[in-house]
Structures are given as structure tokens and as C-alpha cells.
Amino acid sequence: MFFRVIAKDRLPDLVRGLSTEFEVVGPVAKGEKFVLAPIEDPASLRLDYDTTVLPPKKWFFPPEETIMRFRVADNEVVDDEVYAPPRVLFGLHPCDVNSLLLMDNVFFGKYVDPYYRARRENTLIVGVSCTPSDTCFCNAWGTDETHWGFDIFLSDIGDSYFASIRSVKGAELVDRHVESRDITDEDTRLFQERTAAFKAAFSNDVDTSQLPLLLDAKFDSPIWEAFGEKCLACGACSMVCPTCYCFDVHDELEADQQHGRRVRTWDSCQFKEFAAVAHGQNFRDTRASRVKYRYYHKQWGYLSKFERVLCVGCGRCARACKANINPVRVVEALQTGVVD
Amino acid sequence: MDTIMRGTHVSGAVPESTVNPYRPWPARITSIMDLTPQEKLFELRLIDSDAREAFDFSAGQFVELSVFGVGEAPISISSAPSKQGFIELCVRNAGDVTGALHRKQCGDIVGLRGPFGRGFPFEEMKGHDVLLVAGGLGIAPLKSLINHIHDDRHDFGKVTILYGAKKPDEVLFRYQFDMWQHRDDFDLMLTVDQPDDTWEGEVGLVTRLFDKIDVDPENTYGAICGPPVMYKYVIAEMRKKAMDVDRIYVSFERRMKCGIGKCGHCGVGHQYACVDGPVFNYWEAMNLQEAI
Amino acid sequence: MAPRVVVVSLASDFGCQVQLTNMEDDLLDVLGLMDLTYWQLASSGHMPDAYDVAIIEGAVTTTEHVELLKDVRSKAAAVVAIGTCAVTGGIPALANTAGLETRYATVYGGGVAVAPGRIAPAPIDSIIDVDYHVPGCPIDTAEFLRGLSRVLQGLSDHMPDQMMCASCKVSENACFLEVGTVCLGLVTRAGCKAKCPSLGRPCTGCRGIAPDANLASAREVFARYGCDPASLASSLLVYNTAAEVTA
Amino acid sequence: MADLTVEHVARIEGHGNISVSVENGVVSSIRMDVVEPARFFESMVVGRRFDEAPLITSRICGICSPNHAVTSIKAIESALGVEVSERTKLLRKLLVYGSYLQNHATHLYVFAAPDFVGLPSVFPLAATHPDIVARALKIKKLGNELCNLVGGRSVHPVTAVIGGFTAEPDPRKLEAFREMLLDIAPDAVSTVELFASFEVPAFDTAGEMLALSSTDDYAIYEGEIAALDAGWRRPVSDYREVITESIVGHSNAKHTMVAGMPIIVGALPRLNINAGSLSAAGRDALAKAGLTMPSRNPFHTHLAQAVELVDAAERCAGYIGRLLEMGGSSAPVPFKIQAGEGAGATEAPRGTLYHGYGIDDDGFITRGDVITPTAQNLANLDADMRAFAPTIADRPRDEFILLIEQLVRAYDPCMSCAVH
């Protein structure tokens, strides 16, 4: 990797510069919360944000997306293009950068999802360091650091950013749009100091030992019934999760009933009809079985294929879940056998 | 400098060859046969000749069948891979998509994607006896396997087919079974739960038929497909016959929205039925929570 | 042949029928797909004797409505209930929280039974089988069009079973409960894209209680966020009196 | 001619029957039977939380729901002593006018126009006069979109709450909307011309005309109750003293009187009383309409509505201009929940609408009262039918019925509002 130092007060230059070539999207305030939205004025960029309500996935895999248009008469696809403007996601935290790498495993692979791919390949990622909040537990999965998956990563070292540059494109853009200098030993020292302070700031300490095994061994544990009783089956957890990718597909006709579109929307395994098939059979009829599946899949199903858990510890689900169900509590319950 | 994905191809930074795996190929219905009041057998032919030639599958795999305006449904291929240029789908009218398909006429066009999933280990089964057990509509994927074995009959040992249906008029492919029943290279046994006056065969659940067969446990592959409740009992019978857990194959039906391991609906334990299955060997299935 | 369609209204505020006229951009397309044989709001004429699709708005509040519905069911191949009044009994059914006699007395004084044949308000489902449901107070025109498309194609009914919170999160709204404001989204049937929360107003439950709602847990949630748990049941009454709220 | 009943009069909102009795060849009685079943809104709000009143009572009528919501909110605010910002008031006026545009367009083109061209409904017009139908839909759609823009939804707006608005339209959208309003002005003028070209019966009503009136605006949101003939003005808070309600056997809607006289409310009384407050375009339109003020002919309601359309387009564009300049906030103002009594009134498209509530210390409603425009008009409609019928008794039966129905539709009645 290759490093530069950018003074904080020069950062707006970079944002403005990027705006001449890309749509720049970054964290902005929405009431008391933050959302990832297009940045029109660098001043609206809030790099001090805690977390965004929706994760970056919405910029690659939108909540609702037309995947093709068709004609009914001859069952013909008339259009399956996707428009993917050149874009920069500016200011992603390490957990979110990591989440995209986990998403890539799903949407690429043997069958490449062209819609995701078009956006992913046209989007640059600028990461930024963060301060853990009380809902964060990325440290449990090692997703508090990121070593790839970004073009530029900005680590706060006081008055400046310690910029790690990962891609040629990232290097070019820094060169072109912002004043920067080489790192010094002092910068590296500050960087290490900040990293140590960051690591020490986590309030959650999750014991993840033997998690997949425990999930299997405790498949019939009463903790799931207990969580099932609380779960509202609302699916909020999956919507806000940067690593939940399940979707539904349905067709919609235009008013003339002759043309239509095939639409995909975010779905959640917490919804009752998620695993229902014809003739009234439902493989996960109870809330308990659905809550269990969410964790089983995230901490074991995905792991069995990609050697990572499907969680980056961003804590969004913990914020969204009104029933107070979240990975920290669930893992704790699995370890102890009781729901506190 | 915008990259726009065009048609089935992605241009710009994305390699040309990338096809859109969600885009169905148009296929013409070339024949429709009424099997029972609820099931019809459709013969389909992909209109695009390249797609038709590239379409290569194994018994147990499925396609996503698309009726635009209604949606998609995963359907097992019923014909044998050895049958070139056409595929057969045996479809029960179970809801919107399958209902819309049932309303189609010969010559109409539908959409097809696939083949998807992992089928039966045909090559591995060669040289062995095969015991196939089907319940109801579960005969659909097994028929592909049976037909395939039929075409390579000399490569296999004893082939036994046990098939249970609810009622006599729900027995699928009767015309073919009537034919096979008179052949000595297939042992075919049919049973129904609710016989009527015309029924002269066995009565009861498909598991009853196990009393009537001999199995060489060292040398037999099992293949099972049927309603979810059936698996446990049939496997118990196979285990009673001392068949190895990793030579028994089961095919699972789960809800699916993509068929390619992305939509997440078909999870069975830690696997996905669409890409890791729908055919699993029983050892794998035993290790899948909520599978059976 | 284009299906013959009638639009019938029972006890309602006509808001859903107004929404039908509010599909300005699609109205002519839609009218081209059907033979609209009766629509009292927009046209003179009388209910025909034969038709294929009956679109019904409003709750059942009189014996006359009951007879009408039975007649409609015997003639129509497809019955479509539009609006929360028709689907859950809606606000007309709020009258059920007290005896009709007392209500007469409050409104008309002196216990004069002004409307003979008045019965306890109920959803259409409680009288006849309904093939399609489009909930909402009022209906959303896009949702109605999607439903109508299903009717015309002969597909199954498709009322969302889920709760509002997922769509509320998709709209990136802050949760009202976090500031102690009663919001019924967590037990209300989704499908409106969380319109009210997205416009800064808590969900008032106008689409009815979702069949999968976990009311017991919702009560606990209310308590945890400083909302009076009793307000859950009481707020839900507005659109769900006929649904026997047991929160 | 024999006795007759017209059941479920078409092209009006709600269910009403006309019944006519004939004795010795003369019409001995004629009346509007309001068969819409009793709905009990005034009692249903009792015991509910104060902020549920607008939500519940706006379900009285899906056509003028923005008016019910705003009127109910005003009544609650008056009970709780809530003072809202100028910005909120302007936005509320826009909301009310959104409902004017959509109501007047629907009433004029969908409900009334077919009568004058001899058609059963507006649908055949789509084939013969596509331009007219397109114009109707354009105005109506703009009204809906104005409600959507300000209220979030055209039927049962979302954002209008006690104290203000929970969300405000994007200024860019407001700006664009101003253009659209100016753009429909010619369509509104054409509407005046179209209705001016229709022949209406010469007939004068005897009823007293009532409308809100104010010195600083064409009164639709605030003002005092004004009587045309008697010449008095009273504050809205006195509405219960001014208007008396009574139960009549043939109607589930109560009838109302003022000083023993039947009354008429709606676009015609509004114009009669407030013509002086019309915008410049509104005054031109009035001249084009050829109406001499005051007019006592209820059939002139159509023209009066058309003139109001012209006025509304210009007026709303002006409101938007002010909103864009003025700054300030429409966010709900804080208030204290306390016991109180309050009344509110607005001019709904069909006439003055009153809501009144009592609230207890905990914010629960102890008393609810609503008087709708149609409820106010019903007694006078009966009186007009009695006066009008003999003058046309010699016409063939179908023509007689059509003329009576036309009189009914001229009142633009809303039976479901009337029975609430």
C-alpha cells in the first residue's frame, strides 16, 4: 500500500474535485440520524457520524429495483439494462467496507449478478476511521480493520488524515484533486497511537468461540423460543443490515396490462412467508425458527462457504430492533444457555 | 464514461461474455399432455438455437419457468438429458405461475432459465443397483433419472422403482409405467393411499412396498423425492435394509426466487437448495438442520 | 370480452372511490380494460343483473347491506374489497365500542331510532367470501392498480402480511418509539411504504393489524420505550374494532 | 303524473332518494330522503384522545377530507388555546384550495356537465369531447397534487396536525407548482366559459345565504359567519347559537335553520358575500360568467364554482410566492393539554363546515359536534324542490326528474357528509 497525509482543512478540495467526475455519496444528517446521500456541498458531509440508518448496500443493491422490462404478448424481455453512474461512496467505516466484501461473495461467484456488478465496478470507495459507539462490536469479527476493498482510506490523526491508497484510481484522484504529502515517522506513530486508542474504546466484548459448533449443538435450545416470543417479525434487522442480501422478485404490469417490469425488493427471513411454498407448507412457520435461522445462516451458513461470518458488527440491527434482539445478546445467550 | 449494461451483456469495464443469469430465454411450448386433473406435461423448446445447444443438464436439475406478468417458479426437468433439443416439465397447478402455465396453449411462448442446481450422481451410480422412491409429484425429477438410466440401461444393475400416489387418478406417467411394468429390467411397484374400484395394485403408503423388495446394501444407490413428510419414513426403511447413508440421495423442494444462490429463500440448514442441492446425499442432509 | 365491473359502496366516506377517480394518468387505460357497468358515484343508471367483478367499498352497517352483499356474491365471479372499511370494518366499526342505542342518543338525542335496520358495523369478509383485498384508508392508487391487475389475470389475492417497520427502515426514518411517541407501525400491515412515518407522523394503523403481528411483544416494547402499554390497544381500536383487539 | 321515487340519485356523493307525491295532478310533496345510514361520528370521538379527532372525523368525507381535517384541527386548537404560525396558516389554505380544485373540477365536469350535454356520465364524453375531459382531469389532478404536496396525500392528508405540519414541501417543488397553477389558469377560464354557455332554469331560492367572510382574504380558512339578507356577522365560536339543528323523519341527516329560516351555503353564497375579495382574475371571470351579484339562483352554483377555480389558481400561486419568501416554520408548536371547549370553521368546497369539541383535563374528548355544508343545505333544498316542482310539473316525467335531479346536483350535495 501507499500512503499520503492530507490536511483536514484540504478535504473539501478532494470532495469538490471528485464531484467533477463522480456522483459523490456520503454521510449527511437526517434529523438526529445519518444517511448516505448524494453530497451537493462538501460542508454537508458529516465524517463524524456514528452510523447510517441504511448501510452502503443500498447503493449497489437498491431496496427496490427493476431488473427487466417485458412485453406480455410474446413473453419477451424488452430491456434489462442497468444504469450505473460513476460514483464515489465517501466516508465508509471499516465495518461497511468489509460488508461490501462479504456481499461480493454472494453477488459474484459462479453466477454474476449483473445489476450489482455494474454498480460495484463503477463505484469507488473512500473509507474513514471511526470511534466505536455502544452498539458496535466489529472487533468481535475482526472487521474493525480493513486492508482492501477501498480505493482510499482516511485515518484521522488529529489535524490530518493518514490516507492509505489502495488503487491506481485512488492514487490518481488524490494527486489530481488535493494537496497531500508523504508520511513521516511522526505520522505513523500517531496512526499507531490512534489505532490503539480505537481498539481500547470498544465496550462490547463478545465471546465468539466455537460459534458455528454451538449453533448446531444448541439448535433445539429454549433460548430460541425465548427470542421468538420477543421478535416482532418486523424484518427491520434485515433491512438495516449491511450483509443481509435476501430478496424477493415479483412482476408488475402497467395499467395497459401489456407491458410490465420484473422487480426485486429486499426481503427478510424474518417474514412469515419467506420459506413458505405452495400447498400451505411453511418450512419456518414460527418466529422462533425464523430468528434462529437468521443467526444460523449468518454465523454458520455463510461461514461454511466463505470462511467468514456474515456480520460485521456494525450494530445497526441492535439500533433498529425494538425487541432488543441483536448478535451480542444472541451470542451471549448461546454461550450461557439463557436469555438474560 | 458511464458504464451501461446493455442487453444481456455488460459493456465497458465488464467482460463481454457475462450473461444476465436472471434473464429468461424464450421457449415455445411444443406439446401439452394432460396427466391428471392437476398435472400437465409440457414439452418445451428453446427458440434460440445457441441456447438450445448449450442447454446441458443432469437428472435432478431444475429450471426457472417464467410467465411474464405472473412470475417464476422452479420446476424439475422430467425428461432425460439424453433427449436433445426439448425438455419436459411435469407441472402441478399449485398457484399463480403454475396456474398461468396451465392456461397456456401449444405454440405459446414462456421463459426458461437454467438448468440450475446439483442433480443426481448419475456417473457414480453406474455399475450399481438403483432404488428410486417417489411420492406424488416427486416422480417428476426421478422420471428424468429413470429415463436416463433407461437409455444407458446396460450400465446399471437392478433398477427398482417404488411410487406412491394418493389416488389412482393422481398416478403420474401411467402410460409409461404401464409399459415398464411389463419389462423385466425395471422392477416397478405402485401404491395408492385411497384406492377406487378400478385400482388393482397395492394400497397404502409407499413405505409398505419395502417389505416386497430385496436390496443389496453393499451395491445400491437410493434416490428419494416426494412431499416433505415422506423422507423420514423412506430413509428409515432404507436404513433398515442397511443401505449406506452416503449412497442415499434426496431431492428437496424449497421456496426459490432466483435459483442461483442469491435470493436466500431456499436455505436448508447451512446450505441452499438451489445451488448446493436440490439433490443432497443423505449424509449431507443429516448434517443440515431442519432438512428432514 | 372485457370483464363487466360494478363499483358498489356500503358505509364509507367514499374516499376510496375518490381515489379511483384520482388515478388520472391511468384512468383511461384502466377503463379500456373493462366494461364499467355501474358506478353510482360517477354515472346515472342502476345496478345491472349480471357482472363479473364487484369492487366494494365500505363497511357493512345495515341489513340492506347484508342482502346486497349476498346478491353480489351470487352474481360476481370476483369480489374485491377496497379500503379498510371493507377489509377490517375500519372507522365505521369504531361505533362498536359502545351500544348503538347510546350512540343514537348522543347524536340524535332522545333515543330516536332514525335508521331502522342498522346493525353492528362489520367487514365484508364477515358476510361473504372476498377474493381480493386492497386495504388502506384510503387505498393507494398504485396498490389498487396492482390488485386490479391480479384480478384481471385471475391471480391469487396478495395482501402483504408483514409489519410496517421494515419499510420504515427502508425509508431511513428515525423511530418514533425512540422518542416515546406511540407508533403502530410495529403491528400494522405493511404495503404503504410507511407513508406516514416518512412524512413525520407516526403510523396510525390505517391498514389494519397485520396477521403476523406480535401484540404481546409490542406491548412490552411500548413499556420499554416509555409509551403507555394500554395505548396500544386503545389506538388500535380506531381501525380494528371489528377485529377484536386483544393486545 | 303519479308518485315517484328516484333511488340513489346518481352523480352525487353518498346515498339519497328523491320522493315525490302527486295529488290530483299537482305535486303535493317532494323531498330529499337521506337514506345514508347513521354514522355516529359525533359520538365516536367521545372518549378518544384529542389528537385522534381530526383523524377520525376526516373519515366523514373522502371528498373534502382536507377540510374536515383542517376544521377539526382548528377546533381542537381553539379548545387548547394553540396559536399557529402564519406559515402554517398559508399551508393550510393551500391544502383547502387543493381540495377546491379537485372538488370543483369533479363536480363541474363529472357530476354536473353530463346533464347539460344529455349524457348519463362523463365517460362517453371522453370519446366525443376529449379536450373537455382532458381539461377536467388536468384541473382535478392539479388539485390532488396540491393536496399531495402539502398534505402528503390527497384523500386524508397526513402532515396536517394540531399545531402545524409534520413535514413541509420541498421549496423546489413549491416553485414548480406555482408555474403549474399559472398554467391551468386558462383551463379555469374555459370552464367558466363552458358553464356560462349552458342554459339553466330561471329560479330563485328564498333561503338565507351564509358564508364565512373576512376583510383580508377571500375567506375560506378564517373569518366570521356572515348572513347575506340579514346582514349580520357573528364569530365562529357562536355557531351553535346561530344555527339550530332538528331531526326530520325522512332524513338521517339533521336539518338546520337560522332564525327559523332555511339556509344555503356553498360557492354561490360565498361569491355573493365575498365578491369584493376576489383576485383580479377572479373578478374578470365573474364578468365573463355574466352573473349579477347577488344571485339567488341555486343553478348558478356551477358558475360560482368555476369562478372560484379561476380565483383559486391565482390566489394559490400568490400563497406559494409568500411561502417561498417569508421563512419561518410550520413545525407543530408546543402546547399544553388542558380542559377546554373549542369551535372551528372553514369553507369547504360545498360550504361552511363547523367542528366543535369539548376536551377534559387529560386530553380526552367529552363532546363532539359537526355541522356539514350539506346538512345546512338540506332544508333549503327541500324548500327549493317544493317551490321549483310546480313550475315544471307540466313537463314529461323524465324531463321533470332530470330537472329535479339537476337542482339536487346544483347543491353539490354530499350525503355521507350530511349523515356523519
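Letters A, B, C and D mark the chains as written, and numbering starts fresh at 1 in each.
Operating definition for what follows: a residue touches a chain if its C-beta (ideal position, glycine included) is under 8 Å from a C-beta of that chain, and two chains touch if they have at least 3 such contacts.
Note that this is a predicted model, so its numbers are computed, not measured.
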Subject >> Greatest separation from chain A - chain, by CA centre >> reply: D
**OP:** Could you please state the distance in Å, as a whole number, between where the Cα atoms of chain A are centred and where those of chain C are centred?
**Re:** 37
**OP:** Between chain C and chain D, tell me the centre distance in angstrom, where each centre is the average of that chain's C-alpha atoms.
**Re:** 25
**OP:** Report, in whole Å, the distance between the mean C-alpha point of chain A and the mean C-alpha point of chain D.
**Re:** 52
Original post:
What whole-number Å value describes the gap between the mean CA coordinates of chain B and chain C?
Top reply: 43
Original post:
Out of chain A, which residues touch more than one other chain, so two or more?
Top reply: 253, 257
Original post:
Touching two or more other chains, which residues of chain C qualify?
Top reply: 25, 149, 153
**OP:** Just spell out which pairs of chains touch, all of them.
**Re:** A-B, A-C, B-C, C-D
Subject >> Interfacial residue positions of chain C with respect to chain B in the complex >> reply: 149, 153-156
Subject >> Parts of chain C lying in touch with chain D, wherever the complex brings them together >> reply: 11-19, 21-22, 24-25, 27-28, 31, 36, 39-45, 61-62, 90-92, 94-95, 97-98, 100, 102-104, 106-109, 112, 114-115, 117-118, 137-138, 195-196, 199-201, 204, 206, 235, 238
Subject >> Residue numbers on chain A that touch chain B, as the complex places them >> reply: 67-68, 70-72, 74-77, 80-86, 106-107, 109-115, 117-118, 121-122, 216, 219, 245-251, 253, 257, 260, 262, 267, 269, 274-279, 281, 283-284, 289, 293, 296-297, 300-301, 303-304
**OP:** Spell out the residues on chain D that touch chain C in their complex, using ranges where they run on.
**Re:** 8, 10-11, 13-14, 37-40, 42-44, 46-48, 52, 55-56, 59-63, 65, 102, 106, 110, 114, 120-123, 126, 137, 140-141, 144, 152-156, 158-159, 161, 166-167, 247, 252, 254, 416
Subject >> Complex contact set, residues of chain B against chain A >> reply: 1-8, 10, 13-14, 18, 20-24, 26, 66-72, 92, 94-95, 98, 108-111, 228, 253-255, 257-258, 260-265, 267, 269-271, 275, 289-290
